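Multiple structures follow.
In the two complexes that follow, chain A is the common piece, with chain B as its partner first and chain C second.
Moving on to the complex of A and B:
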């Protein structure tokens, strides 16, 4: 089971700025272990963010995203106190969903 | 013959002068750009993930005795975490020795939680899937001193002893390369590849260096602590392996921490 994400969401003017830290190895499939064997790829493939039931961000990721990824994005149409829900699914099918209330 | 030689020497000197000038200029630019890059990174510092896991571990009932670390005394009373790191290393009467954060955590894990030393130190330094509880706990405790001024005491005789030993170690030359800590960290404007080396004999550099560890190392994807920093410096010096939490490590840390006194603590930070 993956570690929880750290999500911070804040109103900046009429926009909501969301900052997300995810805990993930993001193996590219290019690295080799100490025995010389290739470490199989394992990375976050899908990222979705919703607010009040509406999808505000949907992304498809690959192996070029760093380990422990940091994602920042902004959207409009929400207000302080609303909840932002972020989820990811990785290439092994492991998933994680966390949420945060939007700060004023 | 003599003339020709002299000419070659002159030419050599001129070339050196030019290349040094160019390097200094682009070096300054690079350093500024790296500084900007670091600032851009700081907002999404993954050290947060370690701090969160560490806080969890701190409160979790663990070990054979099934207790949390919430009664662990880091020097400011049992369970007090706020500001504790800014006063470490310090003398602990119950162990009758000076301890840094990590040796103190180890002490609490063995005495209060009932773990063996080997269990508590199963993964002193994390590596990918092999995660270190020690690093997470250190990140959490250190993070609780953010904004607190460094205030390492020299009141107890053993604290003064540790400082004196640490100072000696800092200048002690040894190993196959005849290296001391001071070889790399005793002069201004030194660097390894693109990394500026802090001159730890100078207050400003010493403060900046100490108050930005522990740190998330981008190149390793791991959070690293002071015990790791010293361990890796010893490795680079080709010194004998530095025992985790040993008196040697604590003495050096006392020297480094005390020299940072007065500066605001600001870690876990992020480094290349």
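Moving on to the complex of A and C:
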């Protein structure tokens, strides 16, 4: 199990702004280690964010996303105190789900 | 008493009375200044001793042993509020920012917290973060207190500095979310820092006797004695910039190389066969008595050539004559042996004479 994500969700006007910092190596499969051996690819492939059971963001990621990715997005239709749930699945099937309450 | 003296006396009296009045007014500060002089050396009357309050305001440093750390406390949660309102613009919500400053948090793993050394510092590809490098909590606390926020340094209260310090360490996975940092538990937090043992003092940056960070050794052994010319400009390229001799100054130890002959477009000065042979004849002192066309003391070279034309033994005969000297064929005056010429040189000269001294 990977390290937890850091999630901040905040009301800005009638929109909810969500900031997420994920902890992931995001190996592209093209780097080599000091012995010259190729490091196998391992990167986040799917990201989903839900609020009150509704999907508010869904993304397919590839190897061009950096290590320890930072994600920021906004959506409408939520209020302070609601919970935002973010989850990812990487190319090796590893998963992580974290949540945060929306601050006023 | 002259008028002048009377005037001076009157003037002095006025002056004396004026000075007395003046002395009364300046005496107390002058006295105070003379007390200060004892503290500040020769700077008489300049400045004054700082008051204890001023020293307190200036003396804000916090040392690694936490000397100078004021009492106070702050929670991670409070630190997050301050961070997101005052710090996140530049440092990023999670201290991850790279667009303004280097990241504050990240790069620390759970093994580092046990080891006391941040392993990722040894990886050249890893971006360095503040929490990765931090070896003393006091440094972080002092820096936030002294210099942050950048646009309003010293604007945070003591408790707010504790809170922000706690939050930065929380972002760096050192402290849990519900932690309260205070002057009482700061030493305990110090013992949790990932790079707490990463600081070394065994080097020249700390002590003159320490190991320097460069290892330059003056050897002064086996030095090269001769200059070896490793490469030269090809002949064709030498005149590319005109005659270098004309372009260098004529004072000082260095002169420009003459490239004038090549500049003029003529072939390099390789002497023709005739000139070379004449030089050789001169070396053998032949030209004292012989010339090419004219009889002087001995016969002209052309005469010799004409006399021996068609004689197959001429070559060997003449070599013997030049080498050992001769007398009687052309007159009574003897020819001395050519001692300064080698056999090969004599052979060349004789061949040249018999061939009719070509140019």
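Quick note on the criterion: the second predicted complex is superposed on the first by the 104 of 104 C-alpha atoms of A that agree within 3 Å, B and C clash if a C-alpha of one lies under 4 Å from a C-alpha of the other, contacts with A are read in each partner's own complex, and residues count from 1 in each chain.
Simple rule for what comes next: a residue touches a chain if its C-beta (ideal position, glycine included) is under 8 Å from a C-beta of that chain, and two chains touch if they have at least 3 such contacts.
Remember, it's a predicted structure, so these values are computed and weren't measured experimentally.
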* When the two structures are overlaid on chain A, which partner does A:25 contact: first (chain B), second (chain C), both, or neither? -> first
* Quick one: chain B or chain C, who's touching more of chain A? -> B
* Have a look at where A:41 lands relative to chain B and chain C in the superposition and call it first, second, both or neither. => neither
* Between chain B (first) and chain C (second), which, if any, makes contact with A:2: first, second, both or neither? -> neither
* If you stack the two complexes on chain A, which partner ends up touching A:89: first (chain B), second (chain C), both, or neither? -> neither
* Asked: Is A:70 contacted by the first partner chain B, the second partner chain C, both or neither?
  -> both
* Would you please give the residues of chain A that touch chain B in one complex and also touch chain C in the other complex? => 3, 6, 19, 21, 68, 70
* Asked: For chain B, which residues are in contact with chain A within the complex?
  -> 43-46, 48-49, 52-53, 128-129, 221
* Structure fact -> The answer for chain A against chain B in the complex is residues 3-4, 6, 19, 21, 23, 25, 66-68, 70-72
* Asked: Quick one: in the complex, what on chain C touches chain A?
  -> 84, 92-94, 96, 106, 171, 173
* **Complex contact set, residues of chain A against chain C** => 3, 6, 8, 19, 21, 68, 70
